[in-house]
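Pasting the structures in now, so scroll down.
Okay, so chain A shows up in both of these, paired with chain B first and chain C after.
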Partner chain A sequence: MSCGNPVSEEDSLMLRRTKYDKTRICGKCRTNVGNVVIRHAVYCKECFLPNITTKFKRILEPTINVNGTRKKGFKPTGNLCVGFTGGLGSTVLLDLISDCYYSTPTNEDVLKGGKDHPRNAGVWKKATVCYVEICNALPGTRDRTEEVRDVVEQYKHFDFLPLRIENAFDDMWWEKVGGQRSELSLKVDIGNEELVMIPQPIESRDPVAALLAYISALPTQTAVPSAIQNLVRLLLLRTAWSTDSSHLLLGTCLTSLSVSLISSISQGGGFVVREEAQEEWQPTVSSGSRRAIKVVRPLRDIGMKECAIWAWWRGLKVVGKESFLGGKQGIGALTKNFIVGLERDYPSTVSTIARTCGKLAPKDNSEAICLLCERPAQPGVQDWKARISIRSFADPGLASPPPHATNVVSNKTDDLSGPSLTPYLCYPCHTTLTSRSSRGSTASALVNSTPLPVWVAPQLDGKGIVEEWGSRKMERSDMKQSISEFLLPDEDS
Partner chain B sequence: MSPRTCALCATNKAMLKRPKTGQQICRDCFFYVFETEVHNTITQSSLFKPGDRVAIGASGGKDSTVLAYVMKTLNERYQYGLDLFLLSIDEGITGYRDDSLETVKRNQQQYSMPLKILSYDELYGWTMDAIVAQVGKKNNCTFCGVFRRQALDRGATVLGVDHIVTGHNADDIAETVLMNIMRGDIARLGRCTAICTQGEDTIKRSKPFKYAYEKEIVMYAYFKKLDYFSTECIYSPDAYRGHARVFLKDLEAARPSAIIDIIHSGEAFEVREEVKATQKVQQTCKRCGYMSSNDLCKACTLLEGLERGMANSGITDRARKKLDAEGPAPENIRTIPFYNPPSSTLVIAVEATNDGKPSTS
Partner chain C sequence: MSDSSESASVSLKIEFSGGLELLFSNQRSHKLKIPAQVPKTYGDAASDSDNKPADITFLIHYLRDNLLKERVELFMENGTVRPGILVLVNDTDWELEGEGDYVLKDGDEVVFISTLHGG
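And then the complex of A and B:
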């Protein structure tokens, strides 16, 4: 590289560092001149494309059958649901699924591999592509539903199912996807660390207004992306459930997975680090069968750069997605900047993060499920928080307040006006709703009656939190119905 | 606008915003909650028993100075019944450690605690100045960290103590969790959030400031007007750790609870059983008797490289192979005196940090 100075001596010029270690020849076929360099390895186009397909199948295919083997072909127990964001990863994912399992034979390769080959027979009977539009959660952003529809409808085997993020507060959508209705609607006081719940009679509500009330009540800007991500995840899972899907596939590539792992750990999600990569989910309250949905990220061995090259060579149109990582100051955005920057200087960091996290497991077993994210919740979280930081001298765990504290302020449960949501939340969700910024709260004045997503209240039914007799006068027949399971036959007759 | 009252006592005027909780509180309440939280950390983990001889790893920096002050305060207030000592390591860094050791000597007088200083020069025959002259600034933190851990254990043996406490704070631990994930260091990741690391009958090593924010330690030292030394090590910091530190500070600025959230994550997971089974078994170094994963411990490997003029042999595999190809170590090279721990073996490996502390792993 020349510095432009003709009199400059050759020795004083800085040499450009080569991006590949040894040779420009493809390391796979050892014949062609390479076209791309992936973590110091050189590939030609002919070798790169099948290599990506192999990596994709290596992750996905062992999860398709119940027992993991595929000696007699693929027999998934349900349909397929694909979570589509319009971003690079999900665009590549859709293309790979179509190419590997739903491709239309051309003249040259009619029924190549036989009629039972997954490519010719299809693996899942029905495939739904689900897109969640989040523009109503982020004022000033545009609705991309139609652009996404154009992309998805290029693939004739996929049904397009657009959702909107406000569906998370929409009772009609909830009933449509088979959600159990609760007798009461729940609001919560986010301004109070105990997250006091306020049961209210069911009334029709505007989903968009409820969504905005929820978002604006969050205590920090960093909580907004976490909340949106959680709502999108649950909307996808519920949709996968309602479409009888056995698999929900997400386009999380290796780089995005590393970002979400570090981001989750930075928000206290160490207990569910395994679920960030792969999880099985079933609704905590359901009237149907006890089947589970496998959430798989088939691109988790493929880096962002490889996805971009695939999309470029395959001529894929990437719609793009709203960055809701919280501007420059969100946990997700900070993590992404950090990881992508590291990937430049230390190319193996990204895969090291994913591999390291793959070797971890939660320390304790837990039967508890968080009401908000429906992931496992570690017990004893509140005791831990109280132990490591004293927030009130009225805390019963504190031996004695200091001598000068004669006018101790109580913010604990004794004077709560209702039940607390806190014991039913996991650490990250509780932190999202309560962690304050050092620059003060960004929450609106409506924090004391914040609506909650539609799936929260039904999970509390039967837990003695939202009992009917606590909120309305009941007829004798209704009272008897409520206690019927405790009445002995004689009494009943 | 009337002055805010303290969110905790509701009596005094609030003087500060607590970095850990964001609450606006008075100075007296800050001292009280800071000290009580450290006390809770100590008692809930049953770190000490009456009569224990405890060495405080003292560098003269803010963390170890505040630790010495708080340990003395709590020992008297709650009658722990501990014999407290100061233990310092002189790495031989001119213009840095010699100045900070002067602070430690003043702390010795101020807190009336016996002080033991052990130098790299007397233990290994090398100062850090000499090491940097040979290896340069790039990998010198590896030498310093490995040598310091062993030096602390040897100093503790000389003092006859049961326990070493170090000033690692919540920021250090959160940073180490991230570092170990990024480096894929599963063995260290599994133990870096433990408050106390100890093998059978070995010297315990604990971190009473595990949940104390670095900013609060500085705040405590400031309000208590403690005498501490505050200069970064003159040798280059570990670039990779530097990235993690900047990232953590950014996270903390965005969400102050991030530090504690990362520690919570580190405590919530563990290495899967099948992975644990593949990890190396701990043994003792054949040359110096210190704990090791291989025939030679890391300190002996590094020292041999220095003595034979091939310092990188302890850093890279390629350099190690080159050293091995040159045949066995000559008889006349300096070696570390044989280590006789209070009992069998120790358990923890070493990694350098930039701030004079051994790693949290």
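And then the complex of A and C:
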């Protein structure tokens, strides 16, 4: 083979490198001809399916028992909750859980003691599949609840529990899942970087209207999918808590995990990079001493290609889910395009992303929890932000604001007319609510009175903020002023 | 000597999954016939001297021009399927069969699966 001109010399065209190593024979059994290539390794159909099951169990099973071992069988401390989106990963997850932990042998001889004998019961006593419908956050998209119900009800061991994303602004739902009642309702001025909080008396509100007000107040296209993802996550966690679940399983596959890791880090979520893969959560305000919920992603070693092949060969119906990555130029969409392209051309790099992020840990621990996402919040973030960037067009360091900034608003903290939410937020949540695009804000005009999800206000009750609103000692001069018309004049004056 | 009309076309069964069917008249399964010999460069006029056997690259272009109803960019990119779309030929990954250079045979089943609805 020469290195000549491919146009004139046909032999000089370089041979394309194969996507698999060595031969087309299955690398596991070394007998059958391979059917699929996964990260340069060849598998036949008979070896591929058990390989997926092994990877799934290897992630999940060490988390089932409290001490991580399984010498005496699986004894989880609570029930199971599965987050289902209708997407490929969660469809595969449901099938794997059913197949591994709830499948009933049809041969009666195998069922010693009968099908209701504890020996033949599933690992978790109760398994709930939770689906959050997001169509009301994305006008124009269809409601897929019934399609999802049809898929879930094929599995007899699972209870289907549909939620709606507007539940995040629904006080009745909050009460139903055991949420602590707050004395005041909470709105916030998103137009002000300090996120001044505005107390409101508790009154009934339309959850859908509140949700749309929240979404439309967000400043950038990227903020919308981040906010929706956060709301869905908290809805699932609260539901898992209310169903006495010890485990919340999510169908994030390796490819999706790599996308969410890079996307989250791009938006300032580096401090919680470990929590993106696996975390333990319990409500900030809770009664009793129940153990935390383990949030596990058992498909995090299984790529999107493997999930698709599993779904095809098992004949699974995938409902699909809305793509809401914030438009073509949103960080989520750009990241996904990049990672999916990488997976096709350099498949091993995608697992490298997840593996490398799994080795990262923050330098300092933090006891603070973000009120919005209920994840660890890095301390000193606001001071750091103030030191490193010009964040306001009113900054004295700027000679003049750019042409498109027609309303330059002073952002001084002395103008605060109420407590600020900013100190109680983590970096990515604060960025989601306040970051401004260089092309101008996408937020609607009415951003100065934006509702917040129902779980935020109760967390402020113990921080003295509500007490400050509730009663405050007046100055002597103010007291005199308020009753001045009833005071008798001084005899000496 | 074989009858030339028998080798003039190749019958295929095409399946779409993972949401791709929405781009192809919302129909998952299609049966079609394509020419057995096609121009080396898609779009050129047929000639006796500059042909090649029909391969998957030709099939992808053919599907785009004859069955695809909308949103070409969701199916095809840079002369091949968009990243995130898997191709199986007779239940085998096309990466094992030479990808776009695989020569189609009569009765082949080609499946296109989109993985782009996440997990």
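Of note:
Following the convention adopted for this analysis, the second predicted complex is superposed on the first by the 415 of 493 C-alpha atoms of A that agree within 3 Å, B and C clash if a C-alpha of one lies under 4 Å from a C-alpha of the other, contacts with A are read in each partner's own complex, and residues count from 1 in each chain.
Following the convention adopted for this analysis, a residue touches a chain if its C-beta (ideal position, glycine included) is under 8 Å from a C-beta of that chain, and two chains touch if they have at least 3 such contacts.
It should be emphasised that the depicted structure is a prediction, and the values quoted were computed from it without experimental measurement.
For chain A, the partner touching the most residues, choosing from chain B and chain C, is B. Shared-chain residue A:Thr352: touches chain B; no touch with chain C.
In the superposition on chain A, no contact is made by A:Thr141 with either chain B or chain C.
In the superposed model, A:Gly320 makes contact with chain C only, not with chain B.
By the touch criterion defined above, A:Leu299 reaches chain C but does not reach chain B. By the touch criterion defined above, A:Val36 reaches chain C but does not reach chain B. In the superposed model, A:Gln267 lies in contact with chain B only, and not with chain C.
Shared-chain residue A:Ser90: touches chain C; no touch with chain B. Where the contact sets of chain A with chain B and with chain C meet, they give residues 341. On the side of chain A, the complex with chain C involves touching residues 18-20, 24, 34-37, 42, 45, 85-90, 92, 251-253, 255-256, 299, 304-305, 307-309, 311-312, 318, 320-321, 323, 337, 340-341, 343-345. Interface of chain C with chain A (complex): residues 17-19, 83-84, 86, 88, 91-93, 95-96, 99, 111, 113, 115-119.
Contact residues of chain B toward chain A in the complex are 7-12, 17, 19-23, 28-29, 32-33, 36-37, 40-41, 44, 177-178, 180-186, 189, 211, 240, 243, 247, 250-251, 253-258, 260-262, 264-273, 275. Touching chain B in their complex are the following residues of chain A: 220-222, 261-262, 264-271, 273, 326, 329-331, 334-335, 338, 341-342, 346, 349, 352-353, 355-357, 359-364, 378, 384, 387-393, 398, 401-402, 404-409, 427-428, 431, 435-438.
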